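To keep things simple, chains are lettered A, B, C and D as they appear, and every chain counts its residues starting from 1.
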Amino acid sequence: MTARKWDKVATTVLYLISIFIIFVLAFLLLYILISGLPHVSWHFITGRSSSFEAGGGIGVQLFNSIYLLVLAMIISVPLSLGAGIYLSEYAPKNWVTSLIRNAIEVLSSLPSVVVGLFGFLVFSINFKFGFSILSGALALTVFNLPLLTRKVEDSLQAIHYTQREAGYALGLSRWETVIHVVVPAALPGIITGMILGMGRIFGEAAALIYTAGQSSPPLDFSNWNPMYIASPLNPMRSAETLAVHIWKINSEGIIPDATQVSAASSAVLVLFVLLLNLAARYVGNRLYGRLTGVKERK
Amino acid sequence: MNNDEIRASLLKRSRASKNEIFGKVISGICITIIIGVVVSIFYFVASKGLATFFTDKVNLWKFLTGTVWNPSTNDAQGDPQVGALPMIVGSFSVTFLAAIVATPFAIGAAVFMTEISPKLGKRVLQPVIELLVGIPSVVYGFIGLSVVVPFVRRTFGGSGFGILSGTFVLFVMILPTVTSMTVDALNSVPRNYREASLALGATRWQTIYKVVLRASVSGIITAVVFGMSRAFGEALAVQMVIGNAMLLPGNLISPASTLTSVLTMGMGNSVMGSLSNNALWSLALLLLIMPLVFNILIRWIGKRGAMH
Amino acid sequence: MQNYDSSDRYLKNLDDGNREIALTTDDLHVAYGTHEAIHGVSLGFERFKITALIGASGSGKSTYLRSLNRMNDNIAGTKVTGKIMYRGLDINGDNIDVYEMRKHIGMVFQQPNPFAKSIYENITFALKRHGEKRKDVLDEAVERTLKQAGLWKQVKDDLHQSALALSGGQQQRLCIARAIAMKPDILLLDEPASVLDPVSTATVEDTLMELKKDYTIIIVTHNMQQAGRISDYTAFFHLGDALEYDETRKIFTRPKIKATEDYVSGHFG
Amino acid sequence: MKKRLIALLGLTSLLVILSGCQLKQTGESITAVGSSALQPLVEAAGDRFTEDNPGQFINVQGGGSGTGLSQIQAASVEIGNSDLYAEQKSGIDPKDLVDHKVAVVGVTPVVNPEISVKNLSTDQLAKIFSGDITNWNKLGGPNQKIVVINRAQGSGTRDTFERWVMKGRSTMQAQEQDSTGMVRQIVASTPGAISYMAFPYVDKTVKTVNVDNVTPTDKNVQINKWKIWSYEHMYTNGKPTGLTAKFMTYILSDTIQDEIVGEMGYIPIKDMKVSRTLAGKVATINE
């Protein structure tokens, strides 16, 4: 066979592989949506879950998921940004740094159940946070930090050294240069990392079972004082998230419509991740534009 | 500015240098916190996991090579039955198989995204891959249970639960990670390599195969190894499809178990501090050490790659 | 490359009381780890003149230039000994604020490196960071520096466009504008025209001739003609030593040592 | 950017500090943790309790009987739920723990609906789970390999099943699942599968089997004709006080026992005609 023919064959194979991957995702998505969406209704999305009768909703769980996601991101984004900056800009290049980098990477492939138990013993019991949103958010942070830090460091490293020199030569400190020049330029990569992190957090169950807990006490949506026990904002209340809910009704749930509820919850979950993806991408592009002055011509 | 003013300004500590200290402190605090987290997890898992050997006096060799896992009962010699070999074998089997299946797909997709059609790649494949990461492992597990397991049962016989099903599920789960890291590796091959090759009359495929892939071998291996350590630590989804029988797997379609599946199942049912619980933590310790080994492997490959 | 005797050198001492000296280096050594790249260079630079540093690749001229505003600080393992005197102070001294110093000794690099920001932001960013908040002052700085850099006419309607959309030559002139917006005392240029086409190069050269009225300029260049066209003084570097330093006219017509003659006549390098 | 960063960091620490001050929190709550089988029951009761007593919360967590017992022993929660007597669990010192039996639950063997076998003797069941019988045709069923699905080691349901069926015989290594939901799903979809589960979880996707010609019904459990059953325990560390005591009384009240416990498929304690001790001694309860 000639080189040109090989080229054709290889290109075809590559196209097929790509189509296959898209097909796999399409299948997964369609499977989830088709089996779940018919059961999704406004009542389902906003309603209270039930512990043993049919017809429960996922309102509280959905709210909990979002609240936990926001809290975990508020804690982990600045931390990972700082740590990523340190590793990329300040850390001396020696074995200690590479050990730290290694350890962080190992942490990122730790089974989440171990993170969950760690969170349980440390946050829930030692710090006396109990089964609470706070414990959950901290456990998610532990879970999310390594990946995010690595992504931040990689994205910063991808920005060419001359950008930094430009800043230094103007009498700017390294910190200013990083924060105002390098980070904005690296933003698309960092945003991607954050999207992936958010997706992972949103779907995480094992790390939350022992930390944020599995019960969803009725919330009083008219009282937003974070100190009131039934307030949605109270970080000390126990909170079951959507992913935990799916896990729970499938494992020990005795509601008669468990299959439908879990299918519908999965559909909502995946749709939400999809939405998050789009939103983060949009916000990221806008932010990138604002910080770098790269604006669309009107 | 006159001479004296400039001299004075040079000798004064500027806002920028204060700012620099501020930055160093802030980012230093962040990294310290993360190191703190890392160290405490390591300490935490190690202290509990090692208790099996130091407090409960289990023989390490027996632990690694024993084939019976039944911590609540003792064997003929009166030692607790904590043989982790079936799980170790199970974990490694699914991990390696998933990596073997995923690698060609990941490389193919990455080559497509970087070399064949960057536009389609960025518009279609990249979001697709990011979305795949976002699907929670619970959902993967249930799809595995309702689609993969019956498929394997019908096609290959057996109950459908086993290493093969686990491999399929893990394959889809690590594909995005390996692909996106491979994309990074391919992108770091300088553009002029490609141009030089094409200018010499090589076809696109020859360029990809002989130049681009060769130049990024160490990056691709890193991606695969990283995917493997992901697969190694995955729990919920694998647990649902592998069958969780603590038997040495004889074939790919009989129920087997992995370190994570046994760990996840057993944790809630054992009492903190008891031998059954400590033995589970020893499994967790193994899980922690294994990615470390994978990591050292990555570094080693990276170094060898750098030498070429 | 031929080895020349580095003891055979002629360095003109400008510090004879007739001229105003902006910066001197005294027995400057620069080492990266165990490798010494500069072996004790002592030169003085006259104020409001252009001094060119010439020499083959690896002669150490860029390293030397980069140590003049301590850009090498950021490269791990760099060790600088000897003195760099600016306004009677050694800029490597412990009591010197490096950021403040760099405001006075600006730098333009070989590769144009505009920030991924708008043209306007590129110029005003550092000013703002250094505390200038008045909009009219910033606007004025943008217009003045862009005019000085010969870029104003081309970009005055697109000030809020991304700088990355400019051509290479325009980017480099933007970088010059950005550097002089700080009103530095001394401007260091590291082969600023090496990646530019002849037209852009000519514009940049014109810009430099224009700037010399207000700034002391030290420029590293590969291009003999360029050094001949724009500089008042030229220093010839060879293997980490400055072998000859004199008025450009003299260097190009009557070099005092063999190595310089070989280099400027194109026998090596 | 920097300001925003500082603001974020500040907010975070503020949140941590604020939430550390639990004293300021208004409302009252206790936590019950443990057995996942008991979880839906306590949760439902807790919800009802909060409706009747606004501002008083019962947090109910699963995690397994082992977690429940070790947490109540460490007194880090108010109530520990367990499918087992604390005495049965190794590593637990039961002397400070107070047992509250809140319900009874029966455990029944279940098989894939395709299997026609209707009755098994205890001995046959034991032989299936020990691996001595491997094909349904030995039991009057179709020529089909038996797929044994076990619960995870240490699970309360498995303990109950092994105690009253296996009677000391050891089970073979087989598939294990850590939740009833998974077991049900697998039994329903795997040909030749057999497992066991608590009564409340049985639905039409799986088939129950009579044991020694006794049908698995609540009535048979109440008179101990159906032997495979256990108490559901809620342990407190010492005598319950305050909200805990109030909730324990609430959950044992007739309303809750009838409307929630009974409704969910558990057997209310008050309906039991017999009692059974830890050692297995059965006595008739005289009204």
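Here are a few things to note about the model shown:
Going forward, a contact is a pair of C-beta atoms (placed from the backbone, for glycine too) under 8 Å apart; a residue touches a chain by one contact, two chains touch by 3 or more.
By chain, with names taken from UniProt: A = Phosphate transport system permease protein PstA; B = Phosphate transport system permease protein; C = Phosphate ABC transporter ATP-binding protein PstB; D = Phosphate-binding protein.
No experiment lies behind these values; they were computed from the predicted model shown.
Considered apart from subunit C, the assembly holds together by touching as one piece. Among the chains present, the centre nearest to the common Cα mean is that of A.
Of all chain pairs, the one linked by the largest number of contacting C-beta pairs is A-B. Most remote chain with respect to subunit B, judged by CA-atom centres, is C. Each chain gets one centre point, the mean of its Cα atoms, and the points for subunit A and subunit C are 47 Å apart. A separation of 35 Å divides the Cα centre of subunit B from that of subunit D (Phosphate-binding protein).
The mean-CA centres of subunit A and subunit B are about 17 angstrom from one another, to the nearest whole unit. For subunit C, the set of residues touching two or more other chains reads 99-101, 129-130.
Along subunit A, residues 78, 81, 171-174, 176, 179-180, 184, 250, 291 each make contact with two or more other chains.
Residue positions 14, 16-17, 20, 26, 264, 267 of subunit B each touch two or more of the other chains. Under the touch rule stated earlier, the contacting chain pairs are A-B, A-C, A-D, B-C, B-D. Residues 86-89, 91, 95-101, 104, 129-131, 185 of subunit C touch subunit B in their complex.
Listed in rising order, the residues of subunit B touching subunit D (Phosphate-binding protein) in the complex are 26, 68, 70-73, 145-146, 149-150, 153, 159-161, 239-240, 243-247, 255, 257, 264-277. Interface residues of subunit B facing subunit C in the complex, by the touch rule stated above, are 3, 6-7, 9-17, 20.
By the touch rule above, subunit D (Phosphate-binding protein) contacts subunit A in their complex via residues 1-2, 5, 8-9, 11-12, 15-16, 18-19, 22, 24-29, 31, 33, 36-37, 39-41, 43-44, 46-47, 50-51, 54-55, 57-63, 67, 74, 76, 178-182, 185, 200-201, 203, 260, 263-265. Subunit A contributes residues 3-4, 6-7, 9-11, 13-15, 17-18, 20-22, 24-25, 28-29, 31-32, 78-83, 85-87, 89-91, 98, 100, 102-107, 109-115, 117-118, 121-122, 142, 145-146, 149, 154, 171-176, 178-179, 192, 195-196, 198-200, 202-206, 243, 246-247, 250, 262, 266, 269-270, 273-274, 276-277 to its touches with subunit B in the complex.
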